[in-house]
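Multiple structures are listed underneath, in structure tokens.
One chain, chain A, appears in both complexes that follow, with chain B as partner in the first and chain C in the second.
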Partner chain A sequence: MNGQPVPQKTTTPMANVNPSGFWKRSKNFRVAMLYLFPSFLLFSVFVFYPMMKTVYLSFFLTDYEGFPSLFVGLENYAYIFQSESFRKSIIATFIFVLITVPFGVLLALFLALLANEKLKGIGFFRTIFASNMGMSVAASSVIWLFLFHPSIGAFNQFLATFHLPQVEWLLDPSWAIISVSITTIWMNTGFAFLIILGGLQNIDEYLYENANIEGAGYWYQLKRITLPMLSPTMFFIITVSLINAFQTFGQVDILTQGGPAESTNLIVYSIYREAFINYQFGPASAQSVVLFLCILVVTILQFKFGEKKVHYQ
Partner chain B sequence: MMTRGKKWTFYILLMISAVVMFFPTFYAFMVSFMSSEEVMAGKLFPSELTLRNYQDAFDKLPLLHYLMNSFIVSISVTIGQLIVSSLAAYAFVFIQFKGRNALFFLFISTMMIPWEATMIPNFMTIQQFGWINRYFGLTIPFFAMAFGTFLLRQHFKTIPKELQEASQIAGLSRFQFFYKVVLPVSKTSLVTLGAYGFLTTWNMYLWPLLVTNNESVRTVQIGLKQLQAEEIATDWGVVMAGVIVVVIPTLVLLFAGQKQLQKGLTQGAIK
Partner chain C sequence: MKKVELRNVCKSYDGPPQVVTNVNVTINPGEFFILVGPSGCGKSTILRMIAGLESITGGQLLIGDQVANSLMPSERNLSMVFQNYALYPHLTVKDNIVFGLHVKKVPKEERKRRCEEVAAMLGLSDYLNRKPRHLSGGQRQRVALARAIVNESPVCLMDEPLSNLDAKLRAHMRAEIRQIQRKLGITMIYVTHDQMEAMTMGDRIMVLNKGEVQQVGHPLDIYNHPANPFVATFIGSPPMNVVDATVAHNQIHIEGIKPIDIMDSQLANKEIIQVGIRPEHISFASKEIEDKRRNIVEVVNVEVLGNETVIAFKLGAGEWMAKWSGQWRVQIGDRIPLEISYDAISVFDKESNELIKSPKVSDLHVFEHEVI
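Then we have the complex of A and B:
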């Protein structure tokens, strides 16, 4: 990038007008680099280098400290895709994503639509709905661990009052993934709610005034004005929720440790276990690459198909 | 204008939603005052408001020390992120240079790389630097932030170019323009980003779990896991007292800055 003369735009107030000499003409570039240097250094060390290193490690067997010892080509990939455990992890991850993203976004949308009404005391409700954003993963998980407790947990006590059968929330493999998903939905609603509420408040008041004059009802306005105008926000929050769902770790670590029968062994937890408990850094890196590709594919698909349906103002 | 019936429908839905959404937090708060017998009996309210569980939580764990650690780490990351991102955003908005768009794209592309996919080499790097159990390991990797740069860039773009010209005429250098003009007029965005950075860092879980293995710099989130693992069978009241202590700083921050946070984040998300 430095090899070419940098054309100067004389319209820029701080541009160097003297065109003589490459050194002078590239002044802006050098100054910009000075401002960008901290970010570049950090991104290089903690994002780009480790990403390449992850791909590199995925082709090797390593010693227990993580130093590559034997080149094995694609064998780590072959190994993880043949392993029952990783296949379960992928399935669990997809079930989890398919539960948490749609329900989480719809819940947040519902709450935001309620909280966007101009009613007395609405600020109180907004604060309540947003409050989950301040609850950390660890704190939320511990609270829900208690709620899911087989005997003294609130849910089973609630069921007992109505003489309904007790549920093994975290011990039954088919319930455990649902329980972890519910916890996650609850935890993530705060952020999604705030973003969607912001989106709602950005919609031009004028549009509703016109609709009101014409006598359009609530549902009609919702369908014809609110949802179309909200689509960029929804697009954003769906993308963020998808990416977040793939990155889930804390709730699994505290609620289930990946169990029972690996039914909640979500991909990041699987990577963590493979690398930092089993010291299998090669296969763990291969799993990391799969995680990266999942997120990449989801993001690209989102932008390719989602963007078309989005209505920008 | 809203009809009476419609108004009530909204209020009822709001009430139900608030009860459902806030119940876990409220219940945790109640349990934090209960004795273990009361917890076992499945009571909803404690019989007396005693701080005994809180005292126990602080006795059983160096909770105060963990809180200090979390404060140091969160504040360092917040300040680091603000400095690094605002410098980068400034270059992207106020300096014309070749390859600006390409470089900005490179910045944005880092958002596609999930932190968890790179944690293995990052852990090794931190180990090599000798940063395990040091504040450095918990803070410096998070200073550069594409989202923050993006958010600030959006705001910097709204600053009129005339201001830049005027400051040049007034004889301010580029850097003076940055910290005397650009930063002060962007105060709201900086506060939003700062609050967001503080929240996310305070709540961080996986990374502190990896790079701390003793009490020296361990954060309060990991302390909570420790407390839960030790006390789970015996005393839920103490565990919930720990939970409340951990969430109070972020809840206070959120209640104080909710409006601001919402406005700032939406701006970055949509424009």
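Then we have the complex of A and C:
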């Protein structure tokens, strides 16, 4: 507190304009800033600076180390929008998002509804359903890599026992995106399950007891009580799942490397390839900015149209 | 309107300690019946067993003339008001009220009519399109009440419905619930831990302790003739003073006061007893009263409630309370003379806790400060 002016005890209106008055009045603000400082620092280093730098780089061509060498204005953007590969990547990403988010959230909701029933030993299932949260993307991708293996993979062996035609899970361009989606749904279920289960357990038991006395059946209660009461949780999990789906990278890298025929070249993987394989940091940055805008628009739309259906208590 | 009958109803959770033991009672059609007792006495459990929200592990429950043990809650044709009201936060007041009618697929026109009727009765007409979070505690309580009576079920259960309201509103709602119950003639089973609610609202009350029925009866009968020391201390505020005493030479000996002469033969063959006396039955001993009936005690606390005064004083090892009409300007530390007459006391058997004798006095005295 050294060097701080001594607050003057005065009741004249002048007190409001002299420096000590300002110093006193801004006390709350200064305290708030002090508390916010650690987050500002971390966000600046890990979020704001890289973001700015990405926008900056998207206007340049770079050398192989990523240093800007030639200012090209919006040419990087023009280039990526003309690129067939980028357009395919955008389409693949939207297909991927449209598969993983609805099915992932519905699966998690289904499991959470099951695990919320009061049954003996339900704790075991709650643990199991949530347990893949603890697995890294790399480890689970490798497991799925084995499951999808064309000859020794469990899926094809299973199909073979019923004399069904074999599926080239990761090698067939039309199947690969589905296979990656299945893997992603499986990996995200644990987190979504846990959040939804938490939301379910937060619903007052008395609401159901009253409904039981009134004679409402299971489906009626689900539709009229559970889902509306769960809407804030569902809104949160859908938002997070959407953002996560747009940013999927690890499983693509391990399962397909964007192939076959770029069918699983999701946008973040495409950015990665552009930047770290082709050393085209400029176009890669431009893609990142486009991705950022996509997520921003989708999230804004979701808040605009989705939140009306959310019942906050 | 239906009667509700409990025959030897018991409840236990996974094992021997029973939380409710052998409850036998018949609640008459149209009666306002109150279950009262301290926290954890099993009163809510009994209510929830009647509602079907808890299973009954022993005995029989009859609603109307039908055994209802294994009926689903919805098949018992009753309504319930919960302690926290259990209103649906995402539905408007109107939708909350007609929730049950909607479930039962009552036609829209009739739903609307009944909703408006009930809302008018409870003064909710202006709030029908609001969400519960925009209502005050008292209004929410009314919505819960409206939802319970709109079904026109013959039996209504209430689980401490007033405990979340402030004292003034509670007093108001007490009267209102009672009036509605009379008007509709429904059989009401009402759980409370507040002996005041029990005394003022009930046609009959059942006092429970540790899962066992202590006494069932009209509120004033219970007040005047409590079956045991527990009921005596639970019903009435401040509680009845209860103390151990011995009988010798046709006198009752209580530590700290002069012996009380026994006037009749009710205490023959008794040696160790418990004596109880209601605070308002301890009388001030004026100067005319003979010395052997005057007990001088030291005041430890005084609460003047405007029209009456509660005086706490030391007696023997314990502390007693006296409640007198009027404003007594007594100071802490004052020594005041009291009379405890034989007519005023209740006597309980020490072994069986049963009531042997109940007091005969019930008149209230009015004193001025000058008489001290």
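Methods note: the second predicted complex is superposed on the first by the 278 of 313 C-alpha atoms of A that agree within 3 Å, B and C clash if a C-alpha of one lies under 4 Å from a C-alpha of the other, contacts with A are read in each partner's own complex, and residues count from 1 in each chain.
Convention: a residue touches a chain if its C-beta (ideal position, glycine included) is under 8 Å from a C-beta of that chain, and two chains touch if they have at least 3 such contacts.
Because the structure is a prediction, the values reported are computed rather than measured.
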| item | value |
| --- | --- |
| Fit-or-clash call for chain B and chain C when the two complexes are aligned on chain A | fit |
| Partner chain(s) touched by A:69 [first = chain B, second = chain C, both, neither] | neither |
| Touching partner for A:220 - first (chain B), second (chain C), both, neither | second |
| First (chain B), second (chain C), both or neither touched by A:166 | neither |
| Which of chain B and chain C A:257 touches, first, second, both or neither | neither |
| Touched partner set for A:85, first chain B, second chain C, both or neither | neither |
| Chain A residues touched - chain C or chain B, whichever exceeds | B |
| Which of chain B and chain C A:174 touches, first, second, both or neither | neither |
| Which superposed partner A:209 touches (first chain B, second chain C, both, neither) | second |
| Minimum C-alpha separation between chain B and chain C after superposing on chain A, in Å | 7 |
| On chain A, positions contacted by chain B and by chain C | none |
| Complex contact set, residues of chain C against chain A | 51-53, 72-76, 78-80, 82, 84, 86, 88-90, 99-100, 103-104, 133, 147, 151 |
| Contacting residues of chain B [partner chain A, same complex] | 2, 6-7, 10-11, 13-14, 17-18, 21-25, 27-28, 31, 39-40, 42, 83-85, 87-88, 90-91, 94-100, 103, 107, 110, 112-125, 140-141, 143-144, 149, 161, 164-165, 168, 174, 199, 202-203, 205-206, 209-210, 221-222, 224-225, 228, 232, 236, 239-240, 242-243, 246-247, 250-251, 253-255, 258, 261-263, 265-267, 269-270 |
| Residues of chain A defined as touching chain C within the complex | 204, 206-207, 209-216, 220, 224-225, 228-229, 231, 311, 313 |
| Contacting residues of chain A [partner chain B, same complex] | 1, 4, 6-9, 12-15, 28-29, 31-32, 35-36, 38-39, 41-43, 45-51, 53-54, 57, 66, 110-111, 114-115, 117, 119, 122, 125-140, 142-147, 152, 154, 157, 186, 189, 194-195, 197-199, 201-202, 218, 232-233, 236-237, 243, 246-247, 249-250, 253-254, 268, 271-272, 275-276, 281, 284-285, 288-289, 291-292, 295-296, 299 |
